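Shared chain: chain A. Partners: chain B in the first complex, chain C in the second.
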Partner chain A sequence: MGEMEQMKKEADGLKTQIEAARKAVADTTMSAASAAVAPAPRVQLKTRRTLKGHLAKIYAMHWATDSRLMVSASQDGKLLIWDSHSGNKINAVPLKSSWVMTCSYAPSGNLVASGGLDNMCTVYNLKTPVVKTVKELDAHTGYLACCRFLSDSEILTASGDTTCALWDIESGKQKTVFLNHVGDCMCLSLSPDMNTFISGACDSLAKLWDVRDGTCKQTFQGHTSDVNAISFFHNGNTVITGSDDCTCKMFDLRADQEVISYQDAQLNAGVTSLALSVSGRLMFAGYDDFNCNIWDTLKGEKVGVLSGHDNRVSCTGVPPDGMCVCTGSWDSFLKIWN
Partner chain B sequence: MSNNNAVGSLAVAQKAVKQLRLEASVRRIKVSQAAMDLRNFCLQNATKDPLLMGVPSGDNPFRPPKSCTIF
Partner chain C sequence: MPCLSKVIPSIPHENTSSNFIKWLTRLSGQMERVVVSMQDPDMGVKLRNQRLLITVIPHAMTGNDIVEWLMQKFSVCDEEALHVGNLLVKFGYIYPLKEPRVLTLRPDETPYRFQTPYYWTSTRWPASELDYAIYLAKKNIRKQGELIEHEKESYNMLHKRINHTWDFVVMQAREQLRASKQRRKADRIVLECQEQAYWLVNRPPVSPCTCRWDRTRMTFLAYFMCYLHITLISTHSGFVKYCEQYQPHDPIMQGCLPSNPWITDDAMYWTINSDSVAVPTKLRVERWSFSFVELLSDPMGQRELMAYLEKEFSAENLCFWQACEDLRHGENSKIPSKVDEIYKQFLAPGATRWVNIDSKTMEKTLQGIKQPHRFVLDDAQMHIYFLMKKDSYPRYLRSELYKNLLARAVVPQETKKRYRSSWWNMAFHRRRRCRRSLSRPTSPGTRLLGWRCRARQVPGRSRVLYDVRHCLQAKSRRFLRTPPRRPHRHHACPPPSSSVGTQRSHTLYTGPSPSPWKVTGNE
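Our next item is the complex of A and B:
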């Protein structure tokens, strides 16, 4: 047998082995296991703030760790820094390229980053008298879909060139490149302990990576289209994904498989974004049909909806203190609900 | 097919097999165990979840406190 045929035979054998091992531990489903749990209360949230200021579609938003400030990115070519409590704009950062797809607030509050069709991740210092560009991180050969700071010196990026990367901001160089996806990387989420992160891509897979050594530790299948949104649960053992296949799914890292799917026969719109409440019980998922649906993560049931936007909900975020949920839309507004 | 292509494809296939071996070696726990841990986590943290419990207006930073009206 030629070497190629041998490799293929071994690969097929391993795939069968993995499937069998997953089946062997699938002694129940998440919804069956949660049957005895009291249902989550019907959640009715009101719009507390409508943040007006952007002049075009909003593509991304991210809360600062103080749960008060947040950054939003729009294809009007600006990043806006908001004080969510007062509704005031604190800062406006003009972007060199208006084709922005992502933004991120550093945990320290000192820096923000953005990127998009320019294939670069640009880092800005908010604490200088005038906002200054700290670095342009330029090495990806595809669009920048998502970025997340680990600290003021390191940032993770996910790119349309199918790779993710860990950068040293000061030198502007990639320290580690994460290679394994075969489709555009669309989203990433850092684990609570920051040792691993999870990525979602257009190859319909989610992958778990070791931040330091660059290895892909686990691969999660189940979606049938692009994975646009992903978030770690606060316990560090579970991950939720949202996809163009109109479903969200929960994958458990220790059971190495999908344990619940959040779907509805009447839902025909792709999922663009998602965020979890602090206990993880509620999941806010933004869809192409202008709504944000609220799901009970344990029971897999829809328990509410946030309607109010006049176009696609492109981003959602819950601040660390869990006091509200923010939705951002192509209608150019951000809304704060609780 | 040139020799380089053949060597390239083989390298890709070898990498794929290596990755599958790594993923196959993951130690898996039972879904019932994972579900129980997750359930406990959610229930234990429920009281600290403002979106689940509701936020009293006095404590809501997005809502002005009820003002006193003096007639």
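Our next item is the complex of A and C:
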């Protein structure tokens, strides 16, 4: 029996050693590899447009796939569809509940969705002469934190009731429910091949799910506070997360762990949103201190700042053609930078 | 990547040590299966003879061959294949012939050889201490002082620890050496290489441990860290490669032609890159060669591929793939009818556009169609996707159709920034120029090059900006040296600006001030 206990103790020791080994290998490998890479040029972007039209805090924005149109949601109870280049508002969708927290544009450009403290995800059709509600997806028991369209008939939602769900829009029912988080799900991001998605929650974990099975494939630990923003890197192997602990982290799916951490001693504000440029080299992260910082993803260094907002930057987005960055803030303005 | 998980089981969720040990066992099992199929006489890696000094060693292969074989077998890109190959080398299933201590796979002509199953990780793990002692003793006897530093340390430590059986160790070492002398030279060299490779993997240069559990743990940890290290290197290099490949397509980092619509207010970029344009841009066509996904995600790319496949009479593959995509992302109510349609057109025996799927997948799909759902055709779709990716896609990139399109593709001219309030700017600059202009009308030698706006408007000239004051100083000095040719008239001009300073007082007007609307120089 003594030997069994001894072996058990040894086995537990192995577990901590594995953790230490993981961290040690990641730190040395990535810093050595990054040293060989040329540094990114210092990036200075200017505000090219300021889109004024909202009357209250902007909570979310999302670009359409044509890289011209975008939708933004604000707590004045409106979803505005903008033609960002000309600055015109194409559509203003009045919301039943003004407490909106998220919005999304369908890849086809026909639909937009929004949701918030009403626990529902409402899908609107933009192509009818008057914008009509297609469906109200009501089955969550907590607020809707994020939603993303897979196509015109499917939508993924992340909710404050700690679950994510895949809905069939036509029938209005949940096809798959993803249960594993223990904290409110705050954000989600689809992989480029649309077979998996990743979600971040207030339990400081990010989880990778398979869309078809509904199972959690991998869990990524490393943050010490709520994960507010998450994004797949374009090659589908890496994930970047932003959290209230003022850091962003890059996780690799194969190595199953954190590989780079983007942090700065002077930064004391939590990350609210993030977006990647087309090549993936630059990451734009919006913070609570009214700025948006630009990070070099390979080297882990800050290469620029977008400052111009008068309140917290709540949402960031890069359009699919990568032409510019759009930041939305609680000061009710959207700024487009290039 | 979906294919790589066939070879490498993913690291377990639950962070317990028993899970990790199970994972390691599974990993070794998988690697062994790969190595066995690599050695298949018909479908395996190409083997040839390799010269090592004056001896010829049979059944060796180059790093290149290994990578190519892995790419073909698992339908993965060269990065992933290199990653798997590196694992095989690091875990001792393949060893390098030229530099045995460098346990990495180089995708060039470096020769490698398969390790004999006697020395495989799974059959002899953890490596026995006694065997290591015998190996070191042999090395010591054969050539005194050939042991490297950490081997010397290990030798001394083992000598202390298993002193009671040291005679046995030395005796065994001598016996083995004698037996090996009786073999042919080529065989002897091969066996020595194999043994050395085994010990290089299992006794890497780390400080020796003291107790049985520690050794097991250290070996296991060493394997795990090695696996992780390779994975991270592979990740990083994949990342760097992706960033570099896409940098020309990243407008924020590298700008774009003709111009960024957000800066110049010119929407030409969007017009020339739209779906229905007749001639695409060069960047766009080049992007199709990055990966099959890029080609398929561009509607124009899909149309081009379809045109090519129609010429090759294999368009049914792409049509099937498109139909499956439509099924996956389409409306729920239409699923049964869509599945039926697809079956009639592509899968039924004797169908007009029958697709070539292997029998196992076909059976499974036909079974699944009886209860149609959104993902029922996924396996078949994946099979056809990989078929196209492996076969049709590389051929398309080498075809005349693609090459012609690339040659015809346009590289748009750069358009300059248009000032938003252009007329006001022009007038403002002209007025500024008028105020600061010099006494005489400009002659070819004294062209005013110091003005920012002029430098910008002059196409093709260097954008170097001259210091205005320096320019005026030089001119004023020249003016002072030569006596004035005409009597100077006092001309009412606005007070000098502070940047010019006192030099202004030396420059006198001798002629009419140049009209603000008469433009001098190159405009």
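Rule of thumb we're sticking to: the second predicted complex is superposed on the first by the 308 of 338 C-alpha atoms of A that agree within 3 Å, B and C clash if a C-alpha of one lies under 4 Å from a C-alpha of the other, contacts with A are read in each partner's own complex, and residues count from 1 in each chain.
Basically, a contact is a pair of C-beta atoms (placed from the backbone, for glycine too) under 8 Å apart; a residue touches a chain by one contact, two chains touch by 3 or more.
Small disclaimer: the values here were computed from a predicted structure and weren't measured.
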{"item": "First (chain B), second (chain C), both or neither touched by A:Asn237", "value": "both"}
{"item": "Contacts of A:Asp256 with chain B and chain C, given as first, second, both or neither", "value": "both"}
{"item": "First (chain B), second (chain C), both or neither touched by A:Pro192", "value": "second"}
{"item": "First (chain B), second (chain C), both or neither touched by A:Arg49", "value": "both"}
{"item": "First (chain B), second (chain C), both or neither touched by A:Asn180", "value": "first"}
{"item": "Which superposed partner A:Gly142 touches (first chain B, second chain C, both, neither)", "value": "neither"}
{"item": "Partner chain in contact with A:Thr215 - chain B first, chain C second, else both or neither", "value": "first"}
{"item": "Contacts of A:Gly109 with chain B and chain C, given as first, second, both or neither", "value": "neither"}
{"item": "Partner chain(s) touched by A:Gly77 [first = chain B, second = chain C, both, neither]", "value": "neither"}
{"item": "Contact residues of chain A, present in both the chain B and the chain C interface", "value": "7, 10-11, 14-15, 17-18, 21-22, 24-26, 29-30, 33-34, 37, 40-41, 43, 45, 48-49, 68, 85, 217-219, 233-235, 237-238, 252, 254-257, 259, 277-282, 297-298, 318, 321-325, 336, 338"}
{"item": "Residue ranges of chain A touching chain C (in the complex, touch as defined)", "value": "7, 10-15, 17-19, 21-22, 24-26, 29-30, 33-34, 37, 40-41, 43, 45, 48-49, 67-68, 85, 150-154, 168, 170-171, 192-193, 212, 217-219, 233-238, 252, 254-257, 259, 277-282, 297-298, 318, 321-325, 336, 338"}
{"item": "In the complex with chain B, residue positions of chain A that touch it", "value": "3-4, 7-8, 10-11, 14-15, 17-18, 21-22, 24-30, 33-34, 37, 40-41, 43, 45, 48-49, 68, 84-85, 180, 215-219, 233-235, 237-238, 252, 254-257, 259, 277-282, 297-298, 318, 321-325, 336, 338"}
{"item": "Residues on chain B engaged by chain A in the complex (per definition of touch)", "value": "9-10, 13-14, 16-17, 19-24, 26, 28-39, 41-43, 45-46, 48-52, 55, 60-63"}
{"item": "Chain C residues within the chain A interface of the complex", "value": "1, 4, 8, 10-11, 13, 15-18, 20, 213, 217, 220-221, 224-225, 228-229, 231-240, 242-243, 245-247, 249-253, 256, 260-263, 267, 269-270, 273, 293, 328-333, 375, 378"}
